[in-house]
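I've put the structures underneath this note.
One chain, chain A, appears in both complexes that follow, with chain B as partner in the first and chain C in the second.
For the complex of A and B:
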């Protein structure tokens, strides 16, 4: 009596997945699935699988499902049905074709945004089940090539972007030089033991967005805090291994990050405007290492900006002109409840805030998070088409006057820029740091 | 037929209660032990404050955004759950049976109210059935088990009304009522109906994760 889904499958063109799947045998699949299901999962997966009443209420939660006219194959439970449930039901008796499809669903059609946990009456954690699916894919060697490359980089260099140690220090000194033209006394203190704050960033900052380090240095210097950046591996707080199911590497990365902070004897880590990195230090990586909470307090940039603005450590010379809208990044809103703080920072720095709806914990994900944008060009179209609802939200905000989207998260930036471009929305995307930097009083 | 009646009234009834109580306890303890072994974080993060906060919002009609988006389903679900529990537990005939068997009694509701509640349960089951068949997001997920569970829940209420009002064939309906009711009770711990025992735990856990770790609401 169940209805056939409307979803049309496009063949997977990802080399990493295809080559990995070509090496699979039914025995290998069965053995790996059993090892993960029996060895690594337990009461949560069993309970979720047993109790789901197939009520379909999670459909309202998923931007992929809503953007595909509520096609049930894209609903959270629909995706679980096409991945984990089938593995549980058959005990792993599936073929390579199934794994390829399941890999695509878990890696590129779910952002692990956890919105569905707020719509399921039972609080079933679909993101957790998708991560179990990714873990199985990882153990089978079937992972999208682009994100696997970043995971390899993490393994080899402890950062996401193949940045070598000297290149890292060089980038910091380069940005310090640049910024000193504007603020002659500015320093980017490297390896300063006993500082109050260790400032950590994600790999792509030195690689592609070095100006963000410049801006952060200006803000940190102007606010007069005692800060430092590490000169050793452990500087990168990002974590794609958390998303590829490479939990062991996730643990090593987080340990390196926390250990670096402990070695520098800082009292807290302040991290840049990144969502997934916050999830990895606040929720997943620490948990894997056995820490209930991070061993060194971790402060997200939004919290830090709020603190220095409220304490009057930096002053706003002139508020940012023109109405802005604020995108709530899942990992710091559903992940840490920073929505009100982010709004306060926006109100302190911008002329006018125009809300998108639904917002705060009920925001729609940017569709880039959860490692989806990191799966690269082969999946870009499905990611952007799969988030029409976000485009509609942005358009509605634009119709009410918002020209700029403030998004305090790197992945959200990438995702929103792609959506804005694809749907021809013509809006600018900015970090809170961009806005603070451009509006603050800068000491001579 | 007499043998079947005596079986349904005696050993089967005992078996149903034993399976319900023992099965629920067994599943809870087993899941608890498994969680202790494999998901110890569940115990670390479980918080009474945030767990109850989440349960409260999900036990109040229209307490969550999802419920507000589906008013018909919300009303049907709440009426169904309340009536499906209250009607059989406080039905005069049931209270009397238990009083006569074990000398334990509690308050009962008027028969008219029980009739109305049974009709509500049956109507809600029809609503769920139509929704399961007609709504793509539900039908896509449905298997024969989901329809079977629905039939299993509706059966004791249909046959209960039938036998109480002595419609034609009520003697058979009475026996089917007893058997289907016993089957329903016995299957609670072992089917999707196990959400009866697991719902408070999974909801409270998600509430705890959202409240204590994520500093956010989950409704």
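For the complex of A and C:
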């Protein structure tokens, strides 16, 4: 079989990866690779590795590949070939440079969006293989510095942003104070046992985007549901450890989250608009913990908004003006099929929806997900340039009148904002919560 | 009059005028002064690394770094600190500037926030004025419970803090809070209070003179009804209504009266920010005013 053209690489400038790679020895690499391949993987990885027919169907699925004019080096199969296959083939007889390269590919050139898995005739899950690669990198101590630091915060504080317990509670009380000006009877009930809903958010909300907690409080209060937020660690549903391959820590985080809900005796958890957190709770963390069913059901904000709008718990005073387009976040669309529900929420709240194409489960990723944006500035350019197709998609929607992009996911927000800025598209990015908050009837 | 003043500073020369006013006010009114500098904002994905606003360098905002920044702040304001009569606390934090300023203002129950209008030093074209009236100032002014004093140019009339207060109204609910602040300040100092409104002519050439006069008279009647009862027992005020472009008239009026403090509301909740007339007006006034401008939207910290 012919070999794919070798891609010219720019040298990695990430401290965490370089320092980690400098400490590697061939023996350590071989031993670690064997431990992971023999101890943690099985028939699934072997089958995937054996079955790939190199047909190239996955190439057209990958936004990186499409954005690089279908260069096979960027195709999912090409990326797998330069990472985990080589480890399987050689049994880990590779050098530190290979690991460095594989780490860059697995961490920053794949968003684990699983679009390729849909196009593969055999259903090979490339995201799974990339996660195995990240797991090996984690065990070798070669992980991009930025995301590793975030994972450290998770380990030390059980939240993503080094938020201390009193800071967390203070942020909630602060937003309650602010929101009471608009709704005098509003409460953000902390630690209310036996409430129906536990509302959980990601670490950056109290730290940097406190306004989102304010908006959520207004929506939850106006809808008249019985809800609470935890006052202890376990409030944060985000999970960067899932993306660094630190599966043990991912398990601890998810256990803390579910245990908090169990302690509060709530009947379900409602999560804010975050995609990766939903993946960690709904797909990966719960499976690592071996839950057949999670102890408390979890629903994403999109499902919750759909429910309260459909039940008439909140009413829309005036629909959001100007056509919007909807970005489908991979983790809640390919991961959980919420695309029609999200569209219904948009139709109930906005004047006009202009679709991007392809859409729904075929939508292109924002190129920020899968922990890629969390790898920070050293990889920003490759992530933005590597998603030209998204920019083209957005531009086509804009040409048909869309002014605002609705993206019900934090990482998508960051990724789309960067793309819009880089390609000069001049569109606003909004959460569904932003739109509902601005358009709903607010009780006096 | 002020118990706690919060100075939010970029610690660059663009905030020197604001710092001067804040330190002067703290000395004059024996207030506690909290000097807050937001070090930098985190990168996308929110790792602990931040880009320092002043140096432009990427740094790990750990406690050591924050301590070092605080030492730097003490150097920056060494002269003012030497002359400070009351307690001055220095604080540095990483985060989104407007969020952290509001967070600290709440924690310290600040009754006045003092800040510069923008973080850039270079001269900028008029078309970009809206941009350089920093987004931070706009957000803080809009959401703050405490009055926000914006100082964007060297204050040429600030000798007495204050002797001529100009209160410009658009008759909104928020403007009433601004009035309460202006009135309280005037009463406590015993200085002159000018109550001012400008009838916005918009496309002026189409407006008939009779109509203008009728609108001026109507505005005058509204001022009498709204504010005169509150001014009972205070003599030192006057009322003026003019017509034209609001921000121009406010600036001209303030200059005529040697105003050393302009008090306005930023914008009201009922009107979306982009539609609020006085919102754009306050920003234009802030940029061009020769004296500090206080934006007051809420009555919370006026008791």
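Some observations on this one:
Just so we're on the same page, the second predicted complex is superposed on the first by the 438 of 444 C-alpha atoms of A that agree within 3 Å, B and C clash if a C-alpha of one lies under 4 Å from a C-alpha of the other, contacts with A are read in each partner's own complex, and residues count from 1 in each chain.
One rule holds in what follows: a residue touches a chain if its C-beta (ideal position, glycine included) is under 8 Å from a C-beta of that chain, and two chains touch if they have at least 3 such contacts.
No experiment lies behind these values; they were computed from the predicted model shown.
Judged by the number of chain A residues each one touches, B leads among chain B and chain C.
By the touch criterion defined above, A:207 lies against chain C but remains apart from chain B after alignment on the C-alpha atoms of chain A. Of the two partner chains placed by the overlay, neither chain B nor chain C lies in contact with A:394. Of the two partner chains, neither chain B nor chain C is touched by A:102. When the shared chain is aligned, chain B comes close enough to touch A:334, but chain C does not. Of the two partner chains placed by superposition, only chain B is touched by A:75; chain C is not.
By the touch criterion stated above, A:150 is placed in contact with chain C alone, chain B being left untouched.
In the superposed pair of complexes, A:136 makes contact with neither chain B nor chain C. Per the touch definition, chain A reaches chain C in the complex via residues 145-147, 149-150, 153, 160-162, 170-171, 174, 177-178, 181-182, 203-204, 207-210, 368, 373-377, 380, 411, 414, 418. Those residues of chain C lying in contact with chain A across their complex are 41-49, 58, 95-96, 99, 103, 106-107, 143, 269, 298. Looking at the complex, you find that chain B touches chain A at residues 31-32, 34-35, 37-39, 41-42, 44-45, 54, 58, 64-66, 69-70, 73, 132-133, 135-144, 146-147, 192, 194-195, 198-199, 201-203, 205-207, 210, 213-219. Those residues of chain A lying in contact with chain B across their complex are 1-3, 5-6, 40-44, 46-48, 50-57, 59-61, 65, 70-73, 75, 77-78, 81, 117-125, 282-283, 287, 292, 333-338, 358, 361-362.
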